[in-house]
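What follows is subunit A paired twice: with subunit B in the first complex and subunit C in the second.
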Partner chain A sequence: MNGSLEKYTPKLMVLPTFLILLIISLVPLIYVLGISFTASTIAKPFNDFVWFENYKKAFTDEIFGHSLVNTLLFAFIVTTIQTFLGFVLAFTMQRERTLSGVLRTLALLPLFTPPVAIAMIWRLIYDPNQGLLNYYLLNWGLSSTPIAFLGERTLAFPAIMLADIWQWTPFCFLLCLAALQSLPRDPYEAAMVDGASAWYVFRRLTLPMVAPQIIVIFLFRFLIALKVFDLIYMLTFGGPGNATQVASFYIYRVSFKQFQTGYGGALSILVLILISILATLLTKGREFLLSKVER
Partner chain B sequence: MKKLTLIISLLVIATMLLTACQPAAPATEQPQAPEQPTEQPKPEEPTPQQPAAEKPAEPMPAAGAAINKEACQGANLKFLTIQPHNVAAQNLQTWFQEASGAQVELIVVPYDNVIEKAVLDVTSGANEIDVVEYWYPGLGTLVENNVLENLDQWYADNASWIKADDFFPTYFDTFTKIGDSRYGIPYDGDMHLLWYYKPLFEKYSLQPPKTWDEYLNACKTITEGEKGNAYGCAIMGAKIPLILIGTYLNRLGSYGGSFFDAQGKPTINSPEAVAALEGLVEQSKYALPTASAVAFDEALGGWFTGKVGMVEFWTDLGSMTNDPASSKIGGQWGVVPLPKGPGDKGKVVASVNAGFAIGVSTGSKNKACAMEFVKFVADPETAKRYNTVVGGIDPARQSTLEDPKFIEFVGKEVADAIREAHKNAVVWPTSALWFKLQEPLNDNLSLALSGQKTPQQALDDTQKAWEDLLK
Partner chain C sequence: MNKNGTFDNHGETEEIITRKDFGYYLSHILLGRGGRIVLLLIFTLSILIPIIYIASTSLKEPIEIRTSGALFPTGPITSINWIKAFRNVPLVRYLFNSTVVAFFSTLLVLTIAIPTTYSIIRFKTGGWFLPAWILGTYVMPPIVVSIPIFAMVKMVGLQNTLLGLLLVHTMANMPIAVWLLDSYIRAIPKELEQAAWIDGYSRWETLLRVVFPLIRPGVLATGVICLILSWNEFLFALILTYGVQSNTFPIGISRYVGEHGLQFGEMSAAALAGIVPIYLLVFLFSRNLVEGLTRGGVKG
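Take a look at the complex of A and B:
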């Protein structure tokens, strides 16, 4: 009796957490999966079973395809730049003791600011007529006419990326700083005794030791970036044309502007599958890189 | 891996079974072809559900005098309104609280979110909202999703004072009626006029344009002459249906085009429609940069600082411009009807872009008091009050437009322009399908405006998308 109690106690203790996770993640997922096989509208869930029609439609939906490409492009570019900048900032500031508190607080500001406020700030900065950026571009003679950063199809996406980089680089900075400060001191002391150069120490010690954490930071940030919505909604609404259309915003439009929740559900499932594949690939990539580093 | 595949397969099968076992949904109504933009609907014949226009009206109750306070005792009314009408809503909140004793709470959302917010409130079962201020092209969607209470009985009960024939015919049916039933009362009668900044016109010896060719010429002349200090026109072309389709409709109607023909068949790639979009694309080259990123805020920013020669905007712009707190160009503007389109089919129109009405949510927990609120807003005397403060509301009643206090408030020039505009009004479709149809149009207009598609290609693609949706 005691033996079986001992055997089941850990499982029973985990049960509440398991149930909560089940309710908040699996139930909505099953619901979305369910409606994705129907011609549901917002007021008529589970309306008309259509099997895979929504999925077929998604594969021929040019805007959805375009929005997926944009999403991947966006996530890859901003994550790469943010991780790089975050690491550089963390590396240069890791030894700073006197100003470290102030710097960390400053770094946290963009993270604490509501995304809508951030979008408004950047909208004002980019404004062609009264914006800060155009003011300097015109006054310094860098441009003869105001530039509508959010209205030009070639500039709108980079402009949104810049706002995202400003918002999320501190996140990478803080995680990189924590990773760097957690490294053991012994190898550095040994390298100093051996007279190793700074570049050699960085290349042979710091980088290999911190690489696993950097890859995890990249992975986290990449997965978050795939869900970008707020900046698109506030700055361009997916325009001009479909230049800044991303998957989450398109799904929102289909589900809550056209009220086609069945089709929106199918698109969501497809995006989920894509993200799962990417996450698996990145995890495998991380393991591969780690094995290289360890060698 | 095999286990995982098995689990996923079981999950999919379970979901399919779950879906298949759902109770059958009510039969969907056959989609009807959306109504085409119509020119100034004629006042309809009175019906039993509708107050008789020729009946002598009973003495008009003073604002709030007819409110049944008992219906509102202890009620906490939630009023869904849009951000640009926040000031007007705050006024209504104060006045109705005084008149009824109820508490009124405002739920303020961006203007392009109001329909989805109202639909989600009811369909999710949250039922937080009592009174809905809705954008009229969403009326069909709201009714299809059972969001609005049928007000036929309410109209019959209040026939003695409501003066239905006092509502502008342009707005009354369009804003409130689906099939034979009414679901709201007209609140904000929004149509576009052409506003111009006199100092820039005088500087270049220009006259207010009467045709779109003259408009293009004036815009080009000012923009080229000012070399970046000011622009001849501001064109609202941001990729938001209310904004972009509104701007396009200003041209579509005046070029003699329409969204649909009399049979409800899409005609969005007709020669007139294509010419209208070509005109818009050409004009946008000289507009405040860049048309595809200009919405309310950007257009108003340029206008209030005297950087814009012309802007197509709603009829309340005059009072906003004369407010020194927000504008530098008070008293230096003029207003005329929108320009006429070219050719035999060309005409002067006034597009009813962004009109709003008020209805009662089916999920309301305070329906009796919500009906009193609707009564309060519909009261002609209350209408005069909220139309004579800066709050973004334009007259929906003829008595408001003719009220000396209103004429003094907006200026005779604006009142005359509004009166004139009602003769040529074009309205948006209000069918339940419109919210699906407007998305491809919005996408393609934006693609044309940003040069990613030619106007012909953009409208051909829209036509095809509409035909597919209407199948």
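Take a look at the complex of A and C:
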């Protein structure tokens, strides 16, 4: 055995990952930062140095601002609903060992269905003429005319959110269930001896013990929800108008449909800065919430 | 509650029991057997109805699809949508491309992620920085780096090839793989490895002969998850492939949506052709998958 080489083994083990991280995050970020100061197009990268023109343009770009608001709204609404539903379901099912086993397998299905296929399923459900939802709304007399869910400015976004909720609530359910089942049993036995009510046990025992993990689940899901792209691309393409425009999709449109990679780069940098600030704030917020719950 | 896990305030406990508030009734309903069964049914149906609907649509006569959106076929069932889906679109080719990309990218991811995760946990390689960088890369929206990735793939001449997409998927799934493997490797007692070192095993040998057999369930879960994520991946496949020879399944079937006069029957059959293999994997490895996801998911 070569002793001197052995010393470098740990470093050698992470080397490929280090290189991958360089290729997939650091180098691209430098590239994007560089390109964001130019009037590049997809055919002519690093064309014409324009300093902060792209950034100036971004700050006055109403669609961009609108897409940022939409992204935050989307992530906040779906994450809140998914975590809440997931928790209620997990809390209710935690003692049903056999049933929750079956549910856990079922819960994997929406999570792992290809997003493109999910979008197709919901497109079909929402279709004004041939879809499931309109069929039953009309047949049961709940609506007199077919509703174009994805074509109405006010309905398109909630419709996409519902598809996202279908996809991700089971994931939150799985994580909440695991969190609940990892709680220690002793305090519950003590509470039973004391004759505490179910609600009291929930509020004074379960909630404080499980809160740190639920907050982590919320944060994790929130940060992933900010990436939303596939459903928008497949269901509305940002429309009608720009009603469902979100950050990822707008950057895609600017970079790959209008070929303004320079401007797309500036938008990317701004989105990244925003997400970093948000992630920092949320971690701080988490500490604050925990100090509230634990008392 | 004090440190021993018992209640300090017995008086308050009794008060709560006598004062039956909203929360009391809520917990009563939720935790009653009947309430649980109802909730369970709603949950199960919500998950299954969309899936049942697309399956039933793929079996409806095209005329029926145009006139009725009922959950189950009311007329005779037919295989015409399935036949058309495979005949009008190079579906087999898309599925083949997806399989190649998913399989080889997963193999590569595992080969690289296992030693990396082991080294990060056991030797603290990279300190706090490397894990933070890995997590940060995962949280970053892929669209942000899509322009340079597109440029780099083009620069090395791999645009519109399966190899190019496969390498990008390998890199994109690396953070998730490290994150999933983490808890499995962490659970191995250090003493086992130290015993192996004393026996004269090198670090690589220890990883292969001592650690690897112990984390096999974790490797399986991580592998299946990376396989599915690659199979489902949309954005990179969208910008890096633009021909039948390299289009993966999600890109291939996404064409159905842009076209005029949606062929819902055909579209449903095509979508199902890509869903069914995933569901088979899910059912085969469900225990493993649940464990893999939840072990990684709730660490603080």
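Definition applied: the second predicted complex is superposed on the first by the 273 of 295 C-alpha atoms of A that agree within 3 Å, B and C clash if a C-alpha of one lies under 4 Å from a C-alpha of the other, contacts with A are read in each partner's own complex, and residues count from 1 in each chain.
Definition applied: a residue touches a chain if its C-beta (ideal position, glycine included) is under 8 Å from a C-beta of that chain, and two chains touch if they have at least 3 such contacts.
No experiment lies behind these values; they were computed from the predicted model shown.
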Per the contact definition in the header, classify A:D127: touching subunit B only (first), subunit C only (second), both, or neither. both
May I ask you to decide whether A:R153 touches subunit B, subunit C, both, or neither, giving the answer as first, second, both or neither? first
Given the touch rule stated above, what does A:L282 touch, subunit B (first), subunit C (second), both, or neither? neither
Quick one: classify A:D48 as touching subunit B (first), subunit C (second), both or neither. first
Quick check for you: in the superposed arrangement, does A:L109 touch first (subunit B), second (subunit C), both or neither? second
Look at the residues of subunit A and decide whether subunit B or subunit C touches more of them. C
Taking the superposition as given, does A:G195 touch the first partner, subunit B, the second, subunit C, both, or neither? second
In the superposed arrangement, which partner chain does A:P240 touch: subunit B (first), subunit C (second), both, or neither? first
Is A:P16 touching the first partner subunit B, the second partner subunit C, both, or neither of them? second
Please indicate which partner A:F91 is in contact with in the superposed arrangement: first for subunit B, second for subunit C, both, or neither. second
Subunit B and subunit C footprints on subunit A meet at residues 35, 127, 129-130, 256
Please name which positions on subunit C make contact with subunit A in the complex. 1, 4-7, 10, 13-14, 16-17, 21, 23-24, 26-28, 30-31, 35-36, 39-40, 43-44, 46-48, 50-51, 53-54, 57, 65-71, 112-113, 115-116, 118-120, 122-123, 125-126, 130, 133-134, 136-137, 139-149, 151-152, 170-172, 174, 178, 200, 202-204, 207, 228, 231-232, 234-235, 238-239, 249-250, 253-254, 256-257, 262, 264, 267-268, 271-272, 274-275, 278-279, 281-283, 286, 289-290, 293-295, 297-300
Can you list the subunit A residues touching subunit C in their complex? 1, 6, 9-11, 13-14, 16-18, 20-21, 23-25, 27-29, 31-32, 35, 45, 88-89, 91-93, 96, 99, 103-110, 112-125, 127, 129-136, 166, 170-171, 173-175, 177-179, 182, 184, 186-187, 190-191, 194-200, 202-205, 208, 212-213, 216-217, 220, 223-224, 226-227, 229-230, 233-234, 247-249, 251-252, 255-256, 261, 264-265, 268, 271-272, 275, 279
So in the complex, the part of subunit B that touches subunit A is made up of which residues? 11-12, 14-16, 18-20, 22, 25-26, 28, 116, 119-120, 122-123, 141, 144-146, 228, 238-240, 288-294, 298, 301-302, 305, 307, 435-436, 439, 443, 446-447, 449-453
In their complex, what parts of subunit A are in touch with subunit B? 30, 33-35, 37-38, 41-44, 46-49, 63, 127-130, 138, 144-148, 150-153, 156, 236-243, 253, 256-260
